[in-house]
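Letters are used for the chains, namely A, B, C and D, taken in the order the chains are written, and counting of residues starts over at 1 for each.
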Amino acid sequence: MIKFKIDGRTVEGKEGSTVLENAQALFIDIPTLCYHPELSPFGACRLCTVDVKTNAAWHLTAACETPIEENMEVVTNSERVEEARKLAAALLYRRYPKTKAIVDIANKLGVTDDEVPPKDDERECILCGLCVRTCREIVGVQALTIHDRGLGRELEQAKIDFKADACIGCGSCAYVCPTSFVKMEDYGNKRVIWNKAFTMAACSVCGRYFVPEEQLEFIAKKTKTPLQDLLICTSCR
Amino acid sequence: MEKVVFSSWDGKIFDNRQGTEDAVKTELPLGIPSPQKGGEVAAIVSWNGIIVNKPQADVVGLLIAYLQEARKLSCGECSVCSLGIDEALLIIEGIRNGSSSSAELKRLEGIVALVRENAKCSFGRVAALSPLADALEYFEADFTNCAKEGGDKGTLRYQSWVGAPCMQACPAGIDIPGYLELIKNGRFLDSLNLVRERCVLPGVIGRACTNPCESACVRGTLDAPLAIRLLKRYVADAELANGGGILPTNEAKEEKVAIVGAGPAGLAAAFYLRRFGYGVTIFEALPKAGGMAAFGIPDYRLPKDILNYEVDLIKRMGVEIKLNTKIDKLDWQGLQASGYKALYLAVGAHAGTKMGCEGEDTVAPDFVQGVDFLRELVLGKAVKQRGKVAIIGGGNVAMDCARNCLRLGFEEVIVVYRRSETEMPASSTEIKEAKEEGVKFEFLKAPVKIVRKDGKLVGIECISMELGAPDESGRRRPIPIKGSETMFAIDMVIAATGQKPELEFAAKAGLAISDWGLIKVDEQNQVTNIAGVFAGGDCVTGAATLIEALASGRQVALAIDAYLKGEVFSRLPDIDWGDARQQHDKGFVVKIPRQETAHLAIEERSKSYEEVERGLDAAAARAEASRCLRCYRLVVWA
Amino acid sequence: MRKPVGMEVAVAAAEAVALCRPDVIAVYPITPNTHIAEHLSEIVANGHLDAEFITVESEHSAMSAVMGSSGAGARSFTATSSQGLMYMHEVLPIASSMRLPIVMAIGNRAISGPINIWNDHSDIMLQRDIGWISLFVENGQQAVDMYIQAFKIAEHHDVLLPINVNMDGFQLTHVVEPVIFPTQEEVDSFLPVYKPLAQVHPDKPLSMGTLGLPEIYTEACRARDYALINSKRVILEVWEEWEKMFGRKYEPVTSYRTEGAEILLMTMGSMTETAEMAIDELRDAGRKVGLISLKLWRPFPFAELREAIEGAKLLIVTDRALSYGGPGGPVCAEVRSALYHEAHRPEIVNYLIGLGGRDVKVEDFIKIIEAAPAADKRGDAYQIYGVRE
Amino acid sequence: MATLKTKRTMGKFENFEIFAPKLLNKEEFFSCGHRACQGCGEALAIRLMCKALGKDTVIVNATGCMEVISTLYPTTAWRLPWLHVAFPNAAAVASGVEAALKALRRKGRIADRDVKTTAIGGDGGTVDIGFQALSGAMERGHNILYICFDNEAYMNTGIQRSSATPFGASTTTAPSGKASIGNKTWKKNVPEIMVSHNVPYVATACHSYPLDFMNKVKKARGVQGPAYIHCLSVCPTGWRSKSEEIIKLGRLAVETGVFPLYEVENGKYRLTVELPERLRPVEDYLKLQGRFRHLKKEDVAFFQERVNLEFNKLMNKVEHSKTWQELAEQK
């Protein structure tokens, strides 16, 4: 166990656990947008900002990706912290004024229209990276990546890259997407996601279309089970 | 040299806009860099401060330019950096074209502070908006004037420079943060292609590079530098594992270029020239392409199939490599007659240098030059000698010889070096591994005489040294101690004290040779005293590293391209942007241990030529790559 | 000495409750306690009291709601009468078993059939065995005082039991009386903010109201019984503290002109003051009579009762509820069993009076006292006064 | 039926086979070791509910199986604060808890956090004896979530008939016999009644669609005000079915249209679960349950007709209902 200070309280946390995990266990409310307990931290939204003191210097940092250290001091509720969160939220709000997830949290953090008159902008993907991490860490394929920018790679706006050939159509990204930017729709034996159409396999017992063929093949390969053994839906298993 | 009117370079404020400071002090104080030596630069806006040389310089315009460049570098992963830049742009452009008031500056201040304090990567923290902070403090007047005057000033023509500590340290200037980020995102092949922009032998370099980038890595000051070399190796191996790739070429041009020497410099030039569409023929004296990469670096460091694969890729681009064709007589007219419009000499430095000790002129199988020894091993010439072997020298060639000898089954392998271990030019890993494998070292000793008994070498007489004042190389000069001569009983001696090119053929052809025995070229465009004949690599620079050779190959390719297009080629000046490692406020950086890679068991090594260092796996590579702090730095000037 | 104000007692009770700063109030209207609910909601509506006022859809839900709020650690109050109290009955014993310090005002009223909205004690007497503390007030001032005391008693960590304070419907709730209010400061110092021993909250999760198998049910009953019996100690302490602060004395059993009395009259609730006038009249005529009144109904004050009847030859117990087919009134039944083992116990007669709002005047008490010596004194005998045969 | 087909397949939360469940909260608030029957659908549903609610929750439990099996003094299966008073009053107790938390938070006597009060009860405690308290609490607009775990009879007391018992089911108080087919009435549609209370969020759910159920609970938790979820919970004991078939039964209930899964958000009806193009015959569902064993062909036929009717009623609402906002803006 690691001893550290949070908002003046001296507490103990598991080695390797993050500031955010510990705060949540202590019911300390820290806003998050790109955080998911089952996924690796990403530090994208900067809304979980806290003030951390290690070796004598205070730094603002994202609680989600900051592991606790012995004798570390954490402040989650100072004016400086709240100001930083609010500013970050304001920037997001300016960019995504129509996205509910953003508007809600921005309002929660006290962002108002008169401070930041929202631009008229329909963009919905807020680049939280949840889908990317889910695709990689939970599903184990890499159909989604952040299309990175950098020297000589002039891309107007950062965006999510979809590798159609890698996608198995499981829909986990649609499930995890906080803004329902990632849409998945089933039409009978067709499923459409990221504008890629999948043919759904029918349950060999009840005939319900229950899963994309690609996904079955993927699982079959992964678990080394013959495909036909997987052709039974949860209702009929 | 410009007069400096204002500078906040390195956070040191120098403000002479009122003209109070006297002229003398205004001559580039505080080591302020100058992008164009002697050239006219109105102002510089950089991650490290603002420099104004001309009072009327359009600082606001430059700031906008800076932000426009910055937004390309911002990865967009964290909200504050990319959104912050865009917001800042909006505000400043607004002020510039009068659509928003200078009251907005208050909000800008907040954003600048937020991004610098809270961005995810160190580009955001250190570069993205940094000059704005200075601007808001010292150039508020300029903003308010803009606001007053209003109206668009029109876009301003500017130049920009992007670097990073690692990129600045890399002779080839590879976009290291760029390809690391691509690895992090699992885009391995994209990453490899990015590497190939500057480094055509990633598999080779990923193994045999001296990786100066790693010693410049900012993380080195926090926990441990990134394994940049191993990551390059990983993406190269990943392509190979995927069954290999192909290198793209452009539509063919009719001009042909001849290259002498299929070493790294030659291959690199061939690659770029071919990519520009030129026909390329390489003449190689030896039966294998690769130069020092093929004949200098043993298999346990660089398995030959890796080199062969990468040479093959270049061949498949349509580059013709004529092996076993030594150019004894350089016939430029003849080549031109057969359609070659330019010639590039990259013959390398394959001859050993003299040690300056008695009896080194008698060439015999028990006394050889390191480079020759290594070459002949590769050519499969058996080594009969056994017993004790002494290797003279402290460079990588010496290490290669020594470790080879162990594998050849010599009883004892001693490295004799005239300075102490700290001065050894060989890479530290080389020395470490050599020691692990059982190589013995004799420091502060220099051979004075090779002793023979009825023809057979029986030993060397060495004199002990002490270290004096540092010489021009910065290393402490060794001084012989009178009367300290001692005799070592030795069965074979390998001299590895340095290499030089063999340039008789060039001299005969009328090429200018320097006193150092190197080909003279114009440092701007690499052309020799004969028009159309270019030179580069070791034969121009003297024995250097692989990556330097690749870099020079690229430079020459660009120069030849310009020459064939009838343009004047002038390379971007290497601007000294100060200490590559300096990085202001790193912010809070989570310490993450460096991914370590496996090595062949020590007892196994002497038995075989199997590769000693193992590569990273995909997971480790991603984990390692995501340690990168992305220390991009940006400069714009006009 | 602060000046008394004239006020309807129900309203005064509401004012007193408001002085206690309850957090949650849930009341369902029923005559005659409606004025308490109405006035409290008015106080809340005017912003003079910061509390959640839940306008529940039934008495059952009223009691359920305050059990919920009390369980969550809030000072909780409700009020009802008669049928409403009967409707609550299901949950009342659960409140005491969960040790929830709820305060309930009861405007006592006869229970239906025939339907009758006027005053007697048949509603509370039917709730005798629910494990609550039960107090009776005799006038407006006592109402004001006892509601404030009630919270302090209930919330004491040695008690933590629900408590009902009984006021006779109409006879008390709807009459205007002079009352003196303590100041808010005085109440705040007498009754600090409620600190729950346990509360349902995520900060310290716990399960309240779990299932008790035969293995522990008996013990649970025993525990609750002890808690109720031991609460008397705290009640006496609180009354003592009150006397020190405000000079008004409260006892489980109050004796009025009982010195050397041979005949004792016993009353509960608003009738006590009428009875006092009867006693005065007879005493002035030189008769050896006295009055004892019961303020604490549960826990039953056995010791105090025995003390109070020392030396009396005849004890007349009045009851305002009838235990049909039983030994008469429930109060008398209690008194008889309390005195059964006393060596020198008075003879006991039981009079049932004032049922369903039937008026009882001074002369009625005199008549009873005159008739009592000749009345049937067997254990199961009782007289229903003024019944028209 | 083309339009219907598309309408029927607007599932966003459904059909995430295999992977999405890995994203669920690993923390357990309804711990193992309780005394529920083998294959108890209600216990499963409660476990999922707790995961979706998270730890900032107070549970108010009506008397019933769940209270009995999970809190034998001195043990408890609950890692959430839990309160049980009686059978008919879960909603009333919850309104008290909610009021208290509101007041104490306002007065700074508890942490300034949004703690959700959630009342749970079986069908008896909800649609019969607890109905008045439920109606009152919903009508008063307390910020509480009420979840009814409907196993379609008084299972705790031994499978007596409730007003949620389906037509034709044989129960101990409505047994089938020569003169009776068992329960003669059609299941009371309580979600519909809740909609009429103008509750901003009403939904039906089933433990056999865990993600759908949990997403609905999450959604309802977010509502500032009352919310109601009616969760069909298979009871193998009372339905006389196989313990290992509860998931299947839940799915069949949905796929046959006997218990369609939908949500009503601010008045707008929406199917949340992808249904087969043609509903499966109810017989598939009935034949797996002993309580329907005695039904004759014509009974099943009647059952089927009524299911079709009820389903069409629902689809009609799905197709034509508008949100209150939309209706407010309507000229």
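FYI, a residue touches a chain if its C-beta (ideal position, glycine included) is under 8 Å from a C-beta of that chain, and two chains touch if they have at least 3 such contacts.
Keep in mind it's a predicted model, so treat the numbers as computed, not measured.
Chain pair with the larger contact count among A-B and A-D is A-B, by C-beta pairs in contact.
Averaging Cα coordinates per chain and for the whole protein, the chain whose average falls nearest the overall one is A. For chain A, the chain whose average C-alpha position is most distant is C. Chain A and chain C have centres, each the mean of its CA atoms, that are 61 Å apart.
With centres set at the average Cα position, the gap from chain A to chain B is 38 Å. With centres taken as mean Cα positions, chain D sits 68 Å from chain B. Chain centres here are Cα averages; for chain A and chain D they lie 30 Å apart.
Among the residues of chain A, those in touch with two or more other chains are 27. Looking at chain D, residues 55-56, 111, 113 sit in touch with two or more other chains. Taken chain by chain, the contacts run in an open path, each chain touching the next and the two ends left apart.
Inter-chain contacts, as defined above, occur between A-B, A-D, C-D. Across the complex, chain A meets chain B through its residues 42-46, 49, 52, 54, 59-62, 65-67, 83-84, 87-88, 91-92, 94-95, 126-127, 129, 136, 142, 145-146, 148-155, 157-159. Residues of chain D touching chain A in their complex: 5-6, 9-13, 15-20, 22-26, 55-56, 111, 113, 208, 211, 247-248, 251-252, 255, 274, 276-277, 280. Per the touch definition, chain A reaches chain D in the complex via residues 27, 29, 36-39, 134, 138-139, 170-172, 174-176, 180, 183-188, 206-208, 210-211, 215, 219, 234-237.
Interface residues of chain C facing chain D in the complex, by the touch rule stated above, are 23-24, 26, 50-52, 54-58, 60-62, 64-74, 76, 90-91, 94, 98, 193, 200-213, 216. Partner chain C is touched in their complex by these residues of chain D: 55-58, 60, 67-68, 71-74, 76, 78-86, 88-89, 91-104, 106-107, 109-111, 113, 115, 132-133, 135-137, 139-140.
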